[in-house]
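Note that subunit A is present in both complexes that follow, paired respectively with subunit B and with subunit C.
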Partner chain A sequence: MEEMIIRKEKFHDLVERALKEYTVVAPVDNEGVVLFRRIATPSELTLEFSNTKIPAKSILFQQTETLFTFSQRESVTIDVPEDSEKVLLLGIRPCDAQSLAVLDHVFAGELEDPYVKKRENTVLIGLSCLAPEINCFCTSVGGSPFSAEYTDIQLTDIGENYYIEAKTDKGKKVLDGMSDLFRPATEEDTEKKKELEKKALDAMKRRMDTDDIVDRLENMFESSYWRKIALKCLGCAACTYACPTCHCFDMLDESAVARGARVRVWDSCMYPEYTRQASGYNPRPERMNRIRNRVYHKFNYYPKNWDIIACVGCGRCISVCPVNIDIIDVINRTCEAEP
Partner chain B sequence: MANIDELRRIVKEIVDREDVKYVIGYEKGTYGFRVSPSFAFTPEDVEKFIFSPLCVHNLAVYPHLEEKLPLKRNEKEDTRKIGIIVKGCDSRAVAQIIQEKGLDREDVVLIGVPCTGVIDLKKINARCPHLMYGEVREENGNFIITAEGDTHRIPKEELLCDVCTQCENPNPILYDVLIGEEVESKKEDYQKVKTLEKKSLEEKWKYWEKKFDRCIRCYACRNGCPLCYCEECMVDNLSPQWVRRSVTISENTAWNIMRAYHLAGRCVGCGQCERACPMDIPLMELNKKLEKDVKELFDYQAGTEEEPVLAVFSPDDPEEFVL
Partner chain C sequence: MNPYVPQLASIDQIRDEVAGERPIKTFQLSFQDENPQNTFKFNPGQCVMVSVLGEGECMFAVSSSPTEKGYIEVSVMKLGKVTSVLHQCEPGDILGVRGPYGNGFDVEGWKGKNIVTIGGGIGQPPLRSLIRYILAHRKEYGKLDIIYGARTSHDLSYKQEFFRLEDSDDADVHLSIDAPEEGWTRFVGFVPDNLLEVAPSPKNAIAVTCGPPIMIHYVIQNLLKLGFEEDQIFTTLEMRMKCGIGKCGRCNIGSVYVCKDGPVFSYQQLKNMKGER
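Let's look at the complex of A and B:
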């Protein structure tokens, strides 16, 4: 692993050079709401943010994705968009990077999903968390604010400089020919980084009790617990759209006269339409069924199938829920619930 | 603000009534300044009820969220009443729904609480960030915040929700029991709307484009709104597809404007849509514009009159817009 230091004022040069080779997607401040957007110049990006409102999954698994377009004149033609764009996803937090490892299980199957190509063509530049938010709990689900496990390059803000670790070949390739921008990291730099890491870990206030969570849930599918939680749920999709591991989608044709497109859009298991069948029958008729499914999918089915909890502890669902349905509280209180 | 002991005592009596299913109020949330809607089925459940300037939710949304599954053989429909704690705007929402025949007056027991304004969570979180738990009370025009051992005194107007700063109906207009003294109402001057109205078409579009661009169509605005209770929302209809599912600036604009129009003369101005929006879209600016128009054209205010504005006709109604 190469560990280097770049002065903050030189960071824009790095991005400038990367822009020649890559499409750069980075956190952009839109009236106080920080979101991942394509940037044309380094000045558009911000690295001063807690976390983006919408997770990085939105770049690889887009909210609206055109699968193909079609038109009909004498004959029908179908065009599948070519996706060979090389993307540099810059400023991704450790939790979001971990979420991509979760999503890989879903999309990397036998059929080629647009996600797979995008994932291959994307280089992840992570950004360590100096100040976790009030609802952050990544340390409870296998993450850490300074984790570089799932990124190609890891950036850490250590004051006047960024500490850079180029970890994979993909990452090293981005920094090829940029050596004039860096100096090697000294022991003092590494020490400073360690200090900040400890501070970040200490700042993590909330904890989710995930011990035996699979078994705990196993025995309470029929519990009245779920009905109580569901009482106050409004049934909106804020939690699922803000979630870095939620991946439900719908596909439909949007056409006008002789041409159109088959699009894939995010869908939410919180909507009753999500499971409503053509006959009108709905196997998850109540919000209680839907909330329970969301919790089980993340903390029971997914660990059973892939040996990984499908929650990365970013806390976004807690922060966006208008009525304070709090996943940490929901999981922690499963211990007290009657089966 | 209502005395909490009195509120709990009265609510307990109501929960205990045979014709009442449950009462919806507020309880302490799980972190920070969050308060959560709370459902009391027994007098014991009422012990956790609170009332403070952090009780932001319009609980009038809940009667329509009750799920009615098909009845089993010999099963009778539960027609008992739902008790709801209502502030001024919340009571207007219930009144409006009743006018529209969406609810029957007999379906609900309204526990009215005069309101001196609720806090904007974004504003208080910006002032006191990263707190695990905080409480707020009001004292002589200030909010006294006690959080993790510290006490802060912040002038009320700095933390109030925008809609509360000029609330014309802080006192419940419809209730079965009123808890606490009535409070003085303020005057809405629509200053923000007037400023926007003066802008050119291009400027207005530039203003809204940035906002609609970040809409993720999670429909938290709709689901949080007590007046959004259509059996099937137009956006959920696939045939015909009035608004496409694609999340693009044009579809997002269509959605947000259609929703605002659908609430013209119906929105009670509680601000719940804007509070629920995870993307900070100032939806109340759209709603306030329509509220102002309806007030000027028809001298009408949602939830305070006998009948819905679109259900009445007066020969004096202005008709300049009819070509």
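Let's look at the complex of A and C:
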């Protein structure tokens, strides 16, 4: 049972059954804003959307997350929340799935972030992109609108049916015992899918020039180019909150009398406080320093450390920027910039 | 195991090092549980994240030596939110400690070499750890020169310790203050000038410096003048840190994370590091 077909009206049955085993997180339309939410019934989810406003990383690396709680009554004690919840993350776009592969590098390692456990307990059901958005450019950074490289199960809307591929053991396990919902894919179905894929690829109009990007940036750290880019920037940090690969965080204590919690929250390298030291000294005091760091982190530092570009081409940062800073432009124009 | 969860440690002892507007205190901490008490192993130059539960966390270099068993020490200047609360703590109070983090000094590789430490102000704690380590393994190292200065004699940490050491054969201590004071018979002037005055030989030597960025800058220049090679000069850096383990993002200099790839770097490495610091 590898490449199957499920009729759209039966898809709710699939989710219904999965809900018995898993916490299902899926795109939910909140008055036009689509976000990943826990769902209790299949009718809550939508698979008719371009992409979620906030990326799927928010499920595994939450915007606010309690790392531990403490109590300071007679004695001091620390409690660490157990996390063994099995999650089915449904409707993740190929770019967001790729972003998790990017984040894996930084969160894994000898000192393993809680993200890693959550990731192990999460099954990804990807959803191919039929109609890339105006700012999409995943094909420039190793992705593709139909890529199933980083998902456990891949869904493709082929009209009246979904084309469904269970690719990993994790994915196959979800569909165990559901064979009554599927029929094998025919050559015709596969052809249909290929056609749609070609259409999606043709619709991808924007292109980022990432050839030799690590080397290109290597030689222009001191360029006046960054100052020019920074002139426009408001420092609002919307780009970092919308970014599926941004992983910066802050840790702070919330406390009441004799008890409290250490909480991890998303932070942003676009804020001056992010690097400001207690002495008042700040290694990145100007917006230019911060915007340059953000671009270098994604296209120079991360590739140097992990051999992967930390951008998946979702285009969210372009769409949310209030002053139209366009990362594709920023990167493409580095070719013309003076070193 | 969640790496952000600290071990509980109690404050055994607090020593006032420096009074005034920016006081420095040394906190001696011992782990509450037996296991970390016995298994907490670190190198001089490594750092720990110290929590005041309810207030937050800060990264400090351990200022005691790993040869001192049963406790660790950190020396803290009262400067920001967490350090201000820490300065109000009393013996018996419970803190959180996690780590050790970073690379630390290559004390194994430096065996048999002459060691010169050059410290300024609150930069001395990691060097104190190294000094105490060398003193505990005295025969395994060559000559030990300790160059250490502060603005005034009141701003010198570990004063009694270094005064005692002046009288011993284990090290040559060269203390300094920036401006003349009545009764001060040692060097008067900035640390980099004291370094030129002492003029340690670069032969078979390692120089380690920590202090304010401007001091480090001139110390390195003067070490080069004295004939030290770039790979004989080491420094330990400071950045704002939150996670301490290379994940939260903020302490990078280019692609290098000070918390996990440092905080100790040779001048040779430092020179080739592109990025804000």
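As a convention for this text, the second predicted complex is superposed on the first by the 338 of 339 C-alpha atoms of A that agree within 3 Å, B and C clash if a C-alpha of one lies under 4 Å from a C-alpha of the other, contacts with A are read in each partner's own complex, and residues count from 1 in each chain.
In this text, a contact is a pair of C-beta atoms (placed from the backbone, for glycine too) under 8 Å apart; a residue touches a chain by one contact, two chains touch by 3 or more.
Quick caveat: nothing in here was measured; it's all calculated off a predicted structure.
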Subunit B and subunit C placed together on subunit A: clash or fit? fit
Answer with first, second, both or neither: which of subunit B and subunit C does A:G260 touch in the superposed model?
second
Practice prompt. Classify the contacts of A:C236 with the two partner chains as first (subunit B alone), second (subunit C alone), both, or neither.
Written response: first
- For A:N305, decide between first (touching subunit B), second (touching subunit C), both and neither. second
Inquiry  = Is A:L111 touching anything from subunit B or subunit C once the two structures are fitted on A? First, second, both or neither.
reply    = second
- Message: Under the stated touch criterion, which partner chain does A:Y274 make contact with: subunit B (first), subunit C (second), both, or neither?
- Response: second
| task | Could you tell me if A:F221 is touching subunit B, subunit C, both of them or neither one (first, second, both, neither)? | result | second
With both complexes superposed on chain A, which partner does A:F49 reach: first (subunit B), second (subunit C), both or neither?
neither
With subunit A at the apex, the angle to the CA centres of subunit B and subunit C, rounded to a multiple of 10 degrees, reads 90
Identify the partner contact of A:Q63: answer first if only subunit B is touched, second if only subunit C is, both if each is, neither if none is. first
For subunit B relative to subunit C post-fit, closest CA-CA distance rounded to the angstrom comes to 7
Where subunit B and subunit C land on the same part of subunit A: residues 250, 252
Per the touch rule, the subunit A residues reaching subunit C in their complex are 67-68, 70, 72, 76, 78, 80, 106-107, 109, 111-114, 218, 221, 247-253, 255, 260, 262, 264, 267, 269, 274-279, 281, 283-284, 289, 293, 296-297, 300-302, 304-305
So, in the complex, the side of subunit B touching subunit A is made of residues 29-32, 34-39, 57, 61-62, 65, 67, 69, 129-132, 210-211, 213-214, 216-220, 222-224, 236, 238, 241, 244-248, 272, 275-276, 278-280
Per the touch rule above, subunit A residues touching subunit B in the complex are 30-33, 35, 53-54, 63-64, 131, 133-135, 203, 205-206, 228, 231-232, 234-238, 240-242, 250, 252, 254, 263, 265-266, 268, 271, 273, 285-287, 318, 320, 322-324, 326, 328-329
The subunit C residues in contact with subunit A across the complex are 1-6, 8, 51, 53-57, 79-81, 83, 94, 96, 213, 238-240, 242-243, 245-250, 252-255, 274-277
